[in-house]
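Here chain A shows up in two complexes: once beside chain B, once beside chain C.
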Partner chain A sequence: MKYHPFVIPFSIGLAFVMLYIVGMWAYWIIRLSRREQKIVWKRLFSFRTIAAIWESMMEGLFHRKIFRKHALLGYMHMSLAFGWFMLIVLGNFESRLYPHSNINPPYYPIFFEFFRHDLSPLREYEEIFTFLMDFFLLLVISGVMLAFFKRIKSRILGMRRTTKHIRIDRIALTSLWFIFPLRILAESVTAGLYNTGHFFTNFLGQNVIYNLPLDQLYYPAWWAYSIALGLFFVTLPFSRYMHIPSEILLIFLRKYGVKEKEHHSTFTKIELNACSRCGICIDTCQLSTNLNISNTQPAYFLRDLRYSQPNEQLRETCMMCMRCVEACPVGIEVVKIRENERKEHQLYSENSYNYLNGYSYPKAKVAFFAGCMGHLTPSVIKSTLKLFEAAGVDYTFIDKDGSICCGRPLQLGGQAIAAKQLIDKNNALIHATGAELLVTTCPICAREFRHNYHLNIPVLHHSQYLLELVNSNRLKLKKTDLNVAYHDPCELSRGLSITEEPRELLSKTVNLVESGKQIGKNSLCCGGSLGATNISAEQRRTIAVATVNQITQADTNILATACPLCKKTFCSAQDTVAIQDIAEILANNLANIKNQNPTKKSAEREVITA
Partner chain B sequence: MVNFGFAPLEIKIHDLDKSNLQLSSWIAERDETFTQCIACGCCTATCTAGKFTKFSFRELCHSIRRGEIAKAIAESEKCMLCGKCTLVCPRNVNTRNIVKLIRKANQKFKV
Partner chain C sequence: MGKDVAIIGGGVAGLEAANQLATLGYNVTVFERNAQPGGHAAKWDRLFPNQRHSHEVIDSLKSHLNGNPAIMLSTAISTISRNGQKFKLDAKGRAFEADAILIATGFELFPAERKEEYGYGIYENVITSAELEEMFAKNGKPTMKSGETPKKIAFIHCVGSRDEKVNKPYCSKVCCVTAVKQAIEVKDSIPNAEVFNLYMDLRMFGPGYEDLYKEAQQKGVTFIRGRLSEASELDEGRLLIKTEDTLSSCPLKMSVDMVVLMVGMSPAIGTSELIAGLGLHPNKDGFVDIADQHLYPTNTTAEGVFVAGACVGPNNITDSVNAARSAAIEIHQYLSKK
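Now for the complex of A and B:
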């Protein structure tokens, strides 16, 4: 067995990190709830496992999602992860193919070049192995150099700013950066002395550094390489690089159906460790881009939660718009985690809303619910009802005389106990109307009804229902030549994945003109968000104006939204572009002939809604 | 004091010099928009909770300024945090934050 003392730092580091990772995985899996363990076990031998392996490769090695964000940034991550992975795999093959070396200690393939200078026993494979090892080393070093440039000038890699790291991360990062230059040095020195390596290290050794005192550099170079590796491994579990093993476990668990619960759990711990602090969320966040608040994004929030407790400012400064969730390459449920963290601070009691006892909504077939925000934009309600009338819908405006809040604003503020009270009351009252369908103009309500109520009836956002009415020819629309841009509300696009219906509806009556990448699930927040209580009206306006500017062009006649809160926020922040809800645009372009002789049924309806 | 032949009821007198302004200044320190309220009542007119019960954000502010801390804290629980008032307030008072601060004071001052 080949041995030299310089392998000790590496070996200690490797043993430590392996034990730690296996230990943590085991600990996390044991600490999952019974139910979670059961579903993991049940689905272990299924297609999901293959899908998880595939995703681990695509994300862990190739960083597909980062590639989609920015090619060079993706290349940087890919070259480091995939290049290093290939060096390890190829090194192992190489050392195993080498005759008489079946019992390999773990350091043997890593320092193969040190132990074996004559690779001719590999015969026809010698050339290809030495070539590939040099090739992947070059790939990795290109990634390291890009990572270094990213620290100096992040814009080249498509990032406005990079994460500010804490000490342990800096130590780990520095040792990681040192690993590969030191490996190149060690291998080049060896190549200079023994003519090993291929086009890269051999060239460096034989032609570039050949007149250095290679004899004296030989051992120090291998020692330094081993120490850099050892240091990186020892710091890995306590630094951002713990994301590497955690992300793999996370991908598997997620594929089996484990997700965030209504409170922090072991799964949360795994998610916290899986954040690489890549900083992509910082750039995505409008608090950073529009307001220069760049210290409360998930990169920092999750970090503080992993090591201890985020402070109040960190916890509360977030609009809960979910843009970062959409952008996070690891797919961490950041907003849910923040919501759960806010829950640790309940301010309300169980009896807050006893005054609602005894209230009821009228009976309904198709129930229309405007919600709090809906009531703030009467023109949207009026237009929606006009469209319903024209289509002959047998609707009832159930919260005409007073709307109980859906509970979402309380939830966003972490007030789970109070929110539950409202939800229970509202749920019972809506149920008692006997409605077969619930339609609302407010995406906040719609999401809350769908996700947290048990209504047993379909809940539709008005854009969905109106599209149904148009498609079934109950509503007829005129075609106009207005240029309309559409703004996706957070709760509708990211919250409910409704992005196509409003567009389809609009294209039936206007020219839908959209520009830029900030559409659909990547849409911008209007700034009016109920998720944050500590940003000022002025700051909200700044966000709203920036958003309007980004999604409209000089010839945009109307900016359409599908959320009363967005409409209100945009309207009060600027008056360069007219803001209208989808329902208003449709109502203005209605081609239905008004029903001249109201039926008995619609006359009754008049009485109810009057 | 001049005798007018009538006098205000003892319990109706509110001596502002003796008001307990602890909560008022505690909130103002944490959210300066609290001091911008002009008591116009727009918030009350739009209030979701106010449709169902006697509750008003404007009155909440009043109570705090008069030092009626216990009353304000108890009342504040009725708010649904829906945010309508923030959107209508002409003075940009950060109403939801103030309600949350009042609720927090409940735990802080233990009144």
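Now for the complex of A and C:
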């Protein structure tokens, strides 16, 4: 006997979800652009596929990245995914090893204990199978209990708060939670009657629930289990659980090199579906931790974008600091998606910047760009130019008379058309100087130059260039015993992966003192972000003060930054600790000072190192 | 009677209140942390609205300081606490007692370095309005660092006022009229100088102030509605300033010889710590909170503690003097009932 009507709910659910997933995968793959399809085909039979399989396993089954955030949280995710996976795999093996026809309907392995009460034909494998099935069932149920617990007291699992779910998610979640207790019930009842289990279900069936009317519970228990499974499968495609199949496809596509473009694409759809609404992004976001704004993070933004349209408040309330990108276990490019969504609401026209004309600057080897933010911190410009003079750099200051903005602030606000106009003007300006290198003190500009300008000369952040000058002995520094903490600007650390150069540079002249874990790519945002236009000055200050407190200690003499915006933000928020750009610190500790007047350009002068 | 009143701060408000209270028969002591009495007003050259020399006002206020009221100079009060019916004041280990307290600690000039983009402390010819007063007092006209006479001067209104970014959202009230007064003085002392005032709104609230504005226009001062975005240095110490003329919505750039920052009035340093000992808190802008905006402008919510002058918010000398007299009456009523 391989059939009973109770399998119908499960079977319908399974058929539906399988068709849906395969259909969606096919649809998404067909809808990829020509170019994307091409690269996928080209790379299909390469080591990338093996890497993708490996990553799918590590992330899909073991949730490695979540483990890194919090062990118990990782365990919860792992026990559910891996435990369930093993139950399915083992069930299949078990039903195949059983000596009867090998053609089994799909539900058969799932409900094997219902159909086969005598497991002795499995011979020497009986013991090990029943043991493993019980073991993994126990593993899964421990995960379910933790998940349940997390809803009540999320802190124990390292989360300040959990995502607030919509109705469909709650239905899916509830049916998921019911699946395993019901399976335990069905298996324990069966074990109580027929001794089909092992240490767990046999124990429950024969020692705990043995005086219940087991034979009357038998059918209802299996029915309930099947219905819970069916319900979960039917709701899966419309709920957060669609992330399971979507994430697998996402991992493969990403390995082949598909990524977000300058506008929404099919890949975006896949990313939206791959968000599990785990809420890790909410916890990492300083808007939540410092300001209690906990409803605009990617978990909600992506959700609304998946089902319809996020409203303006949801779209705009974000500093684009990328902390959540760094933290997201699925690796979704949430900030790029938000930027693209903002682009759908552009205000500028083709000729918004027609008045910006008539700049010209002398030719030189190095073009120096301070940027709009740089012009708000003239002391940083002055210090940088002083260092250039001391090292005998042949430079030209290409936004000396006030700048044409690099375009990044507009870009972050989604105003791509306007940004393009600025990019074109700056491009011409840079080209005209004949420079072989572009140096900027602003990470925001540096990122824009590198990613959106397609320049044919290298772009260096001043921390990189100054380090080169020091290493080649063109700049000589005094060693002082100042205790300096360093703040990683978002656009420099997460945006450009530049975290070591500023530290190396500072270590040459001061005591670099790091405190806490919020450094490098996990650094905190200063709060000044140009990406958010709708948080108040007061709110920005709150973030800035919290950040300064995190990264400084009582004996910190200076908090060093490498971004004019961070400097401004920290300076106006507090005066407990002095804030200086790395260039200012270096200029103060310069040992080979010859020319004191940095504002005059040194034409073809010889290197004047001492 | 023989009751003791302690006045913290010897600016115009403190001095005027001291005179009134001494006349009413109280033993009054003014505590002043500077070596000179008179507070900020003593540093100004000539006063709006009538160009009267500031020392005339200060001298008149000081002329009563002959034992009662007494003044303790170079004496900064660091804490005040209630001690039974009396107050205990502490000045670096020295203790004093009083039956009533008047807080008249005034204001602090906004530290212009905090608007780094304006280049104060970085570019040599960016100065504050207070420094310009000094120049008028010393030379009768502004001079550049090089010793030359500036030919083109820009006054920048609202520096450290009406600016959320530096946590100073309020208007400092007197800097508009001060800027207009100083613009006229520049025009008078350097006849061919070009003078520009970059403002957000012109707040000419007092009697005679609007007339000053008219006079400035007649003398050729150019008023541009726009906030300075940044200044940068050109050769020979000249400055390039960038703004937007918001009346014509045009970005605007010009080079000038000197930039004068109209620094706002910030809460006096140490005052919030001082009043904390009396259970009082500063208001949201950091000034001393008063008991009632309309009816008790010189009372605080702490019994026996009164306020006058710029320590409750930006004001002019007239307001300070008025508040001082009002506070004297309140203190008199309080001590009479005691």
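The criterion applied here is as follows: the second predicted complex is superposed on the first by the 588 of 610 C-alpha atoms of A that agree within 3 Å, B and C clash if a C-alpha of one lies under 4 Å from a C-alpha of the other, contacts with A are read in each partner's own complex, and residues count from 1 in each chain.
Basically, contacts are C-beta pairs under 8 Å (C-beta built on N, C-alpha and C of every residue); 3 or more make two chains touch, one makes a residue touch a chain.
Please read these numbers as outputs of a predicted model, since none were measured by experiment.
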Three-chain arrangement built on chain A, chain B and chain C clash or fit: clash
Contacts of A:Asn207 with chain B and chain C, given as first, second, both or neither: neither
Partner chain(s) touched by A:Lys568 [first = chain B, second = chain C, both, neither]: both
Contacts of A:Tyr353 with chain B and chain C, given as first, second, both or neither: first
First, second, both or neither for A:Leu530, with chain B first and chain C second: first
Contacts of A:Cys405 with chain B and chain C, given as first, second, both or neither: first
Partner chain in contact with A:Leu376 - chain B first, chain C second, else both or neither: both
First (chain B), second (chain C), both or neither touched by A:Gln216: neither
Partner chain(s) touched by A:Gln415 [first = chain B, second = chain C, both, neither]: first
Which partner, chain B or chain C, touches more chain A residues: B
Superposed model, chain C segment overlapping chain B, candidates 132-140, 186-194 or 240-248: 240-248
Common interface positions of chain A, toward chain B and toward chain C: 355, 375-376, 401-402, 536-538, 568, 572
Interface residues, chain A side, partner chain B - complex: 347-349, 351-353, 355-356, 359, 372-373, 375-376, 401-405, 409-410, 413, 415, 418, 422, 528, 530, 533-534, 536-538, 565, 568-569, 572
Chain C residues touching chain A - in the complex, by the definition given at the top: 114, 116-117, 119, 122-123, 164-167, 230-233, 235, 240, 242, 250-251, 253
List of chain B residues in touch with chain A within their complex: 33, 46, 48-49, 51-53, 77-78, 80-84, 86-88, 92, 94, 96-97, 100, 103-104, 106-107
Footprint of chain C on chain A - complex, ascending: 355, 375-379, 381-382, 400-402, 536-538, 541, 567-568, 571-573, 599-600
